[in-house]
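Listed next: structures, encoded as structure tokens.
Two complexes come next, and they have one chain in common, subunit A, joined by subunit B in the first and subunit C in the second.
Our next item is the complex of A and B:
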């Protein structure tokens, strides 16, 4: 079937306004939130599951690449059509089909915006827990693809802990349900396999979402430190004291200055690092825990310790953290946001190494961290109009990821592998590890779904570090 | 019209290029953009429009009609500027782009001809505009519009005319002509202000303009209606006709800037944003840059001004449920959101019910409702749905464009709600206090 025939068929399914194929229009679909870009051949924006199923049938018969796209806020190139193909947009599948406040569930379409779901269910005193920084715009479908975390995943877990069932469309257009409205489902946990598969196995078309009751009490602390090592030590101390805060976030000096010059959340200018620590739960428990945490803070020479006095102040404190990435735009036109995870105890060591890399390549690196779970987000600042800067930034990113794996960490915390990190997969996995994963593509018969992502193509000659080896040397304690 | 083909890049101006590349395509603008929300299309989002500007500027594509249409579909509400964490100057980017493509559009159309005639010849000359509005008023007095509305097939035969008929503003005479009149402040005189009368507002909403004079004089300010003042030029700026808009700015500066006034008061959010931006518009004009700076600093939105002085409390009880629609240019450009609400909360008996997404555009956008009727109306439909959900008797707002658009929406969707300026309610509440 020729491209024009496919376009014609799609137009019959969704109407011509929602089939995009002019080069000029496709330019608006060549990017996501990451650095890479590539034009799809067609963008099609269906309104319902039936249309998706029909579209997929055509793509399957013609073995056309299918790339799902939520809001295009991803940071690993998951929504980029690097080999062309059909990009399926979910921006019109935004219905909240059912809210079941008694069972704390909702059934929604995948194009629903993360924060919008929380807003809609707030009248029942419920909310949806995973809260990536892009929650104001990112879609739940995209969250499923990347198994997104968020600031509060330390206590509440990531997307897979909150999506208990899904209707999925398989590559041949068949619709099946994986998981359901109960917490346990007999048979293989295909739901768990599809979540985080970055659009390579199936497309979610309906979601059964778990909702949580809003915590009775929330307390948020801002602590400003004279050194990153003090801040890192506090993180470890809090966790080892047995308290599980809902979030522990760290930002370094450069990140602080970026948000202060744009969002102005009132972080102390002279701090080398700040921590935002939030605890929530039953009132009495929160009071006790906040006393303990304050005790821990007081053992250190802090520049400032502030507790948000009201909801407005709390939101303002988080506003800085949530807007930090965009705010980096005030310091440089572009950033490369690296996403690696390390054991918490290695924070100081790794941040020092990142600092050295920054000096070596003469590009500033701002650090924002989900410190509680050791998820690093170094943002390498550069100017894309300067190609040598761009290359240096990408190389530095690779170097940082390598360090993460070397100290016993992993390649990605929450952004996915996508295009960005596929070549670095051998740092962690050997051939048979990778093969066992990629066999799923055959099981799902989905070679045309987001092809050539996640797995290395061998473009870069990466020597294996083989993390399974590291784990056996250090013992599983390395992650705790 | 000569067909000029494929002009690129859009601009080599460093400020423009830096602005363009300050977009890191994070996508945070998508959900606040009314046209993205209505269409679900990335090409109708700020991020998409910027990507197209980059692509044209990098000479990857030409500014074809397809591309221009995406830019034209921007309402210019500038909500994206607030949502953008990187501080991308979207307003400047889209205005520069419109300016650069204005003369290169490949298509010759009646619509464009009418538009440019209006922008260059009618709007800048108050007398022509007055003639036009008077004709419209006469038409309104006659039964013709109602007859047109009642003929069902008219919609199908002449859809543009039918729409225009439906959308045309409710004119509330007499129009206010600024010819140097002066109204003395009552009680303790606090100072002297010049009232910016604008073009459309003073002609269509003359009654309301007189309310402004009553409010200001009641609060002790002498009000002058400075002679020879002209349209602010906002509509020209938004459509890329920067030359006309600069000329209008110079005239307003020449006639209105004076040491004897404390402030230049403006009640139209769109005009206010433009007047406050004169310093930027005339930055490179050596004769005017300083004066423009002084001028812009003197400009005060009526709500901003009243809350600052602060206003005398009104005594009359108004038992209304009111919802407030944030006018885009007041909220996103002038960043004034509390002042109108504060004024409303000062009125006894008045119950303010916030609507969902009060900061989302209503689809008026200057002449957007005429140039992009389809999108404008679907944005409006969403807005009316949110207004209806509040169950208010009144929807208050802060800009003539919004008033006209909301009135149209309410007529179209058969809502039993009145549209009023915030200050109209204040004027009503002052009723017993006026001597």
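Our next item is the complex of A and C:
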């Protein structure tokens, strides 16, 4: 079937206004949060599951690549059509189909924006827990594909812990329910397999999400440290003391100075590192836990320990953390944001190694961490126009990921592999591991779904690999 | 089967792997005896065993503590049983990181003991913890009547090593709590009943034990009140660890030393800081103002152990265990309907425990008579449950009716897709052939 014939068929399914194929119109779909760029041949925006099914049938028969697209905020190139093909946009599938407050559930379409769901269920005193920093824009479908985390996943878990069932569309257009509204459904946990599969196995078309009761009390602390190793130690101490805060975030001196010069949340200028620690739950628990946490803090020579006195102050404390990526733009034209996870007890060691790398390559690295999970986000600052700086930044990123794996960690904590890290997969997995994983593509018969991602091609060299991780521009509301 | 016993002995003799073909009679699976039991001591030996088995088209049953071997559809054939009992080491426990990695043959008891020394736990509470293994429990994948609020078994696994049907050793996930590197292959094996591979090692994310625990028993006389109590507590802003209910005859059968005069009882397990638990307990009394009696038990682990062991050990001849999953809001209506079945048949002795946070009920049926009658009973239970969009798993049924009914309620669409997984990961039907949903 020719491209024009496919376009014609799609127009019959969804109407011509929802099939985009003129180059100038396709440009809006050529990128995501990474800097990879590539045009799909067609963008089609279905309204419902039936239309998706019909579209997929055509793509399957013609073996056309299918790339699902949520909000395009992914940071590993997942929504990029690097070999052309059909991009399926979910921007019209935004219905909240059912809210079942009694069973703490909702059924939603995948185009629903993450934060909108929490707003909609708020009247029942419920919320949807996974809160990626991009939650004001990213879609639940994208969250599923990346198994996204968020600030509060330390206590509440990531996307897979909150999706109990899905309707999925297979490559041949068949629709299948994997899991349902009940918590245990028979058979292999295909729900769990599809979540985190970056749009390569099946498309999520309806989601059954678990909702949580809003916590009664929330307390937020800011602790400012004289050394980054003290801050790291405190993280381990809190975790091993048997307290699971809802969030423990860390920022180092460079990150602090960036936000202080632009957003000015009032973090101590002279701190080598700060921690933001939030605890929530029943009032009594929060009071006791905050006493214990304060005790831990007091064992260290802190520059400052501040507890947010009211909601306004709490929001202000978080504002700095939220604005950090945008603020980094004030320090350098570009940065490469690395994402990896390490065992929490290795924070001191790894942050020191990152510091040495920074010295070696003579480029500043700002550290912003979901410290409680051991999820690192070092941002390597550089100027893209200076190719030597750029190459050094990319190599440093690779080196950091290698260190993560060496200390028992992993290549990605929340942004996924996509195009960005596919060549690094052999650092963690051998041929048999990768073969077993890629066998899923055969089991799902989905070679045309988001092809040539996740798995190493062995073709790219290191300076090509990382480009997708570089974000040159970010808004002030950005929160990673 | 393509090999006889001497051939088998010869094959394994060469490898040095322990093989026992003498005392196999105690290891029945669906009334069939394996030719031999293999005891691998290392993952490498496990891999070699599976390689030999698949190359010779032998049928293999992985075995943990053998406590749930009767779960599943009638097995097509069995040649070898692979016992994981020698693979029971703790590989790495990092208390400060809240992670642990173990070999899958470790018993739940040994595992829990290790963690509790550090005031930690993983929310796994299967029956018979002294024999049940991590591997078997994950392969079965039920969260059971006793679970901690919010904790689902599958959510605690962060990594695995699996040996696939052809002997390939495969690693998935890692040892850290947050990870999106590649597909989460462990999900295929949790609840996969050992049909796609053998779980060899598991890494868990662990949780701190609550500082303090209390159980509140709320006796009520009307089913409507029970409904109200469980509903009101589930909806309130407190989060108990478990909300479970049963009728008094079930309660009595657990032999818990506590006198109850009511018809039903709700058991609420509370955990946390002492003040927090106290506050929850006060709140419960406030929420359930219409109840006049509350029994509060400070040392209450024994109750939950009894609830976890409900129905076990099974003697499948005259007992049937059925597991139902539904929406939490429907559990009481469903169990009420099921209790009514009692009257239209000759007497069935139903004992039911329901969990109101996840919406499961475990039903024990005793005094079963003819096969015809059991089959009709199952049909009737299924009908009732399906009316409420719930689903049924026949956890333990008499052997003689196994060939006549399907253990799981899976829909045909899903079964078809599942079949493709079996074909991909176990093309020769080496592992547990025929036992899983849809006789996969």
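Basically, the second predicted complex is superposed on the first by the 451 of 480 C-alpha atoms of A that agree within 3 Å, B and C clash if a C-alpha of one lies under 4 Å from a C-alpha of the other, contacts with A are read in each partner's own complex, and residues count from 1 in each chain.
Quick note on the criterion: contacts are C-beta pairs under 8 Å (C-beta built on N, C-alpha and C of every residue); 3 or more make two chains touch, one makes a residue touch a chain.
Predicted model only: the values in this text are computed from it and were never measured.
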Contacts of A:243 with subunit B and subunit C, given as first, second, both or neither: second
Touched partner set for A:300, first subunit B, second subunit C, both or neither: neither
Contacts of A:32 with subunit B and subunit C, given as first, second, both or neither: first
More subunit A residues in contact [subunit B versus subunit C]: C
Which of subunit B and subunit C A:185 touches, first, second, both or neither: second
Which of subunit B and subunit C A:370 touches, first, second, both or neither: second
Residues of subunit B touching subunit A in the complex: 18, 21-28, 30-31, 36, 39-43, 45, 47-48, 51-52, 55, 60-61, 64, 66-67, 70, 83-88
List of subunit C residues in touch with subunit A within their complex: 94-99, 119-120, 141-143, 152, 154-155, 162, 164, 168-172, 174-185, 187-188, 190-192, 196, 207-209, 211, 231, 235, 237-239, 272-273, 275-276, 278-280, 325-329, 358-360, 389-391, 393, 408-411, 413-415, 417-418, 420-421, 423-425, 436-438
Contact footprint of subunit C on subunit A as seen in their complex: 100, 102-103, 105, 125, 146-147, 149, 153, 157-158, 160-161, 170, 174-178, 180-193, 195-197, 201, 213-214, 216, 236, 239-240, 242-244, 281-285, 287-289, 341-345, 370, 373-375, 408-417, 421, 425, 428-430, 432-437, 439-440, 442-445, 454
Subunit B partner contacts - residues on subunit A that touch it in the complex: 17-18, 20, 22-25, 27-33, 45, 71-73, 89, 91-92, 94, 111, 113, 116, 134, 136-138, 262-263, 323-330, 333-335, 383-385
